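The structure appears below as structure tokens.
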Amino acid sequence: MERLNSGIIGLDEKIQGGFVKGSVNLVTGKTGTGKTAFCASFLRAGAQKNEPGIYVTTEEPKEDIKEDIKSMFNWNIDETEFLVLEPVIPIDFDREEEMGRILKIYVFDLYSKIEEIVKKTHAKRLVIDSATIIEMFIKDDYLRRVALMKLTNDLKKLGVTTIVTGTVPEGTDLLSISGIIEFFVDSVIKLEFLPVAEEFKRTLTIRKMRRTDHSIYIHPFEITKDGLKIIEIK
Amino acid sequence: MERLNSGIIGLDEKIQGGFVKGSVNLVTGKTGTGKTAFCASFLRAGAQKNEPGIYVTTEEPKEDIKEDIKSMFNWNIDETEFLVLEPVIPIDFDREEEMGRILKIYVFDLYSKIEEIVKKTHAKRLVIDSATIIEMFIKDDYLRRVALMKLTNDLKKLGVTTIVTGTVPEGTDLLSISGIIEFFVDSVIKLEFLPVAEEFKRTLTIRKMRRTDHSIYIHPFEITKDGLKIIEIK
Amino acid sequence: MERLNSGIIGLDEKIQGGFVKGSVNLVTGKTGTGKTAFCASFLRAGAQKNEPGIYVTTEEPKEDIKEDIKSMFNWNIDETEFLVLEPVIPIDFDREEEMGRILKIYVFDLYSKIEEIVKKTHAKRLVIDSATIIEMFIKDDYLRRVALMKLTNDLKKLGVTTIVTGTVPEGTDLLSISGIIEFFVDSVIKLEFLPVAEEFKRTLTIRKMRRTDHSIYIHPFEITKDGLKIIEIK
Amino acid sequence: MERLNSGIIGLDEKIQGGFVKGSVNLVTGKTGTGKTAFCASFLRAGAQKNEPGIYVTTEEPKEDIKEDIKSMFNWNIDETEFLVLEPVIPIDFDREEEMGRILKIYVFDLYSKIEEIVKKTHAKRLVIDSATIIEMFIKDDYLRRVALMKLTNDLKKLGVTTIVTGTVPEGTDLLSISGIIEFFVDSVIKLEFLPVAEEFKRTLTIRKMRRTDHSIYIHPFEITKDGLKIIEIK
Amino acid sequence: MERLNSGIIGLDEKIQGGFVKGSVNLVTGKTGTGKTAFCASFLRAGAQKNEPGIYVTTEEPKEDIKEDIKSMFNWNIDETEFLVLEPVIPIDFDREEEMGRILKIYVFDLYSKIEEIVKKTHAKRLVIDSATIIEMFIKDDYLRRVALMKLTNDLKKLGVTTIVTGTVPEGTDLLSISGIIEFFVDSVIKLEFLPVAEEFKRTLTIRKMRRTDHSIYIHPFEITKDGLKIIEIK
Amino acid sequence: MERLNSGIIGLDEKIQGGFVKGSVNLVTGKTGTGKTAFCASFLRAGAQKNEPGIYVTTEEPKEDIKEDIKSMFNWNIDETEFLVLEPVIPIDFDREEEMGRILKIYVFDLYSKIEEIVKKTHAKRLVIDSATIIEMFIKDDYLRRVALMKLTNDLKKLGVTTIVTGTVPEGTDLLSISGIIEFFVDSVIKLEFLPVAEEFKRTLTIRKMRRTDHSIYIHPFEITKDGLKIIEIK
């Protein structure tokens, strides 16, 4: 089975060498748990091996992400293609029409744009940071489920290896805002930032990884100048 | 009482020899707890005894499931018949019509297709992975209850032995998304993936099994190349 | 005060000899806690004393219940009359009409059928397994309360001694789905199936019993070939 | 300040001699905590002192309550006047009209009937068992608040001393279903039936009592043939 | 900074001498925690210093409050002006019109009446017991927020020093029913009545007090004939 | 990377020298946790270095804030420009029109006013106290998300360094009322006021800070005459 290295120091050996080629992987956690650092580590690992990457941003401006990554790892992400999903401010609040537009913008159009840019750049790695806006825009439970299933399944057929970031809402134990996307992806990696005595600790857990005999430990990690790094416990 | 072996190493001796022939059994757990591995173990056990199987998938593409199972057990599930329940993207959002379509697609049509394929293949084992989409599509509490009751009772009359997978929503202690299907099935097996100190442990519990004097222990298990395997505690 | 023996080994001595004649009693618990076994023990105790019984089933097919009971206790329940309350699949979703039909089917009709069969068979014992479908069909809080009160009060006037089963929803401490029926019945017996270390234990608690000086202990019990049996703690 | 003895053995000395004359008092607890026994103790204490009593029942048939009380204390409550508030099964589900009827039946009519019977019988003690149906019928938060405030204030002007029973919903720490009535009454007494090791214990707590320097202890109690009896802890 | 003494024995020295002149202060707690006693202590302290007071009651009849206070402290509150905010029983349930009436009755009218009576009596102290009815009547989150902000800000301009009582709903850790008023007031004092072993204890905590270096301790207190009294811990 | 000192004694050395120039920072906590003191410390630090500041108040009157700050630090904030966002009391309750007005008042107009005043005063520091009213007015989840994202991103382009205060609702572990704004800001600092034995303690935690290697400790702090001061633990 072909795998792509994760770019997280110490992670590949815990997941049989890396992410399964072509798989869709959810990296989820609360705010400030290191999701963007995870994504950047993954794309930088690709850049070092001549595997072009795409960064789809739905929440932060492209410039901010570039700067964040630069200051974190001193890495210039410029060779990575950026795709900005600008959320449209609704003008027409009619429920019926809204539903049609939702499907178009967040399901069909988003995928078309990704497909086009993947073909153009021969991208091997894709980051969608984050899926939360899709989960929030689609209010109908069933429709959201169908949309997330369709997007995930389409991405699997595209041949790129994808990381989608999710949001663990504060004060909950969920894996995403919708509680749904975790079912369709091939793997779920949860990042936590938990108070332990007078301090907060960062941990990473692999909650599932299909086709992979993965670690079932709770791994402490830190964010270093070389990207995320798992701390080995002797 | 006739029973079918489960295919889970160490489980049959805890449930008087296996699943009751013709029963409908719920295997439930959060994402990443091993439900697909459980289903595959069950079907492979049938394949080894010339008991044809059917795999109804409502969430993952057929190809992915085949590949997952292959990489898990090195077993080629090709002899198993697949039935894909494609969720339809709604076009018409009228509430009334939607209700009629729900009943048709998820209750009457689904059953008809299963019945037809069971007769054609003389299947002895059936997996429905998962029932969650039926639970989520039907919003009305009463209608959902009636639909799940009808589907379960129809399956019992069909003569195959069925495993239905359910979903334990993150952050809850439920047995399914609807909190209902567990009442109609003949047995409930719950899979868990729980943090214990610095590690996650997999456990299996038989929450009920009709017509069976079943184990009431919490059994740790692992996913091996030979399928799920219960770890005996001396 | 006249009492009917419960059929549960060890229970009668804890409730002054048995259930009060003519009372309506709630036996409640989560799925797999032994409610059907409790009901069967109660009816079998009647059969052994020439007290005819009626089994109203609202969820499982009559044949399954018969088989379950047979395999549990090796008792042939054939002498018991069965009444099946078939849930009707709604055709007309108009809210107003639905309300009228609810009252008719689940309140007036159900009671009429029970009354008729009680008179015909001179039944002394009645099991309604379960009341949950009535609680779920009636969505309006007030209407549900009134309907459950009316059904309970009508049953009290009928002269039979009744066991109604209820459902404790997973992940809650409720006594029923509606949180209401427990107020109208004469007694509430709660069955539990709780994890204790590596094992699950069955317990029975009498939460209330009118006109009875009842045990206030939490009683462990087991399901034996002779029916439910309370384990005495020396 | 004039006070009426409560009829609960050991309680009067903890509340400066009894309930304040003319006050409205809430006795609340889950099902099976002894609320009816409390009410009966209160009315019997009146009967022994030639203080006529009224029992308003909104949930159980009059005959059942009489029998319950008889079997509990061997006391014949016949000299007490009964008033049955029969819940009306709605025929017309129009929201607007319903609101008008609610106010009429549960606020104006109920009070008129009570007032009339109090005058006729020169009653000194009044029990309303329970207020829950009023709380449930009135769905609008504001209207319910106003209705409960009005009923409570009207009762205070009537000169009788009243006990109203409330319902603590299972699985909550509330004092009533609405979470409101506790604000308008003069006192709140909470009855509990709590698991302690292998046993359930009954306790009584005075949560508030206006114009009274009341005990702030959690008092264990038992239900005896002489009514509720507080167990003194040396 | 000018301050008014609180009337609570032992409190002034913990808040730099008393409440800030002209401030609006929230005293909140569950039912039976001593809020009315707090208000009475505050008004009595004013009466002793020739600072006229106003008592706005929205829940209990004026006569009951007078009697409660008399029996608590043997203080005749007659010199205090009373203002009763009678909740109006709705006649017209039209949503639009209701909104207009709400704003009029609970925001504009209430303030006008208070302003008028303050001017007439030259009041220096004001009690609004309680704000809960305003919070409950206004269902819209935003409108409620605006109304409470407007009322609070208007009161600050009036020159009187105000205590508003709030309600901590049972079974929660909130500071008010709406969860909003605590933001607009100048101080928040929380009263609690908590079970400690076999007994309940009363405590007072200053959660915030603007322009004041306040105590951050949890202070036990008791209700004495001289009003609330903080128990000093040596 | 250019940074502005925070004005909190002991904080700058824990965040690599201060807030990133041009960043938007969330300071969040329950009522009474010291958010206004934090904002004042930040603006005063600017005033001492000739960095003009703007204080946008959405909840408290301008005069009160000035007085609070004066009494806290004996600092005259007069050189700071104030902008008051007066919440408009709705006149027209039509849902469609309301949505249009929301966007105008709380998204477009608010930003325009801030932009104008920033240009006029050459402000370097901006405080928005608080964002809660924006979160509450916009009821639609998606629209609120888009609005908060737009406001945050616009502010980042403006060149000022911003502190936005948020509200942790009582009884929750959230970081804001909407649970959303924490995702768009560059940093999240949480203030707490927690009971420890018989006392409350103030603590400050940096939950995230982009482009900054920040402290991950829980820091106790106090409010002194020189502003917030972190207590160093040796």
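Order as written gives the chain letters A, B, C, D, E and F; numbering starts at 1 within each chain.
Here, a residue touches a chain if its C-beta (ideal position, glycine included) is under 8 Å from a C-beta of that chain, and two chains touch if they have at least 3 such contacts.
Computed from a predicted structure; not experimentally measured.
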| item | value |
| --- | --- |
| Common touching chains of chain C and chain A | B |
| Path length in steps (a step moves to a chain that is touched) from chain D to chain F | 2 |
| Same or different contact residues where chain E meets its copy chain D, judged by the half mark | different |
| Centroid spacing, where centroids are CA-atom means, of chain A and chain F in whole angstrom | 29 |
| Euclidean distance of C-alpha centroids - chain C vs chain F, Å | 58 |
| Intercentroid distance (Cα basis), chain D paired with chain B, Å | 50 |
| Overlap residues in chain D, where contacts from two or more other chains coincide | none |
| Graph class of chain-chain contacts, one of line, ring, star, complete, other | ring |
| Residues of chain C that touch chain D when the two form their complex | 1, 95-96, 99, 103, 141-143, 145-147, 149-150, 153, 156, 172-175, 179, 182-184, 186, 188, 205, 207-208, 210-211, 213, 216-218, 233 |
| Chain A contact footprint on chain B (complex, rising order) | 31-32, 59-61, 64, 67-68, 71-72, 87, 89-90, 93, 132-133, 136-137, 139, 167, 169-171, 193, 195, 198-202, 223 |
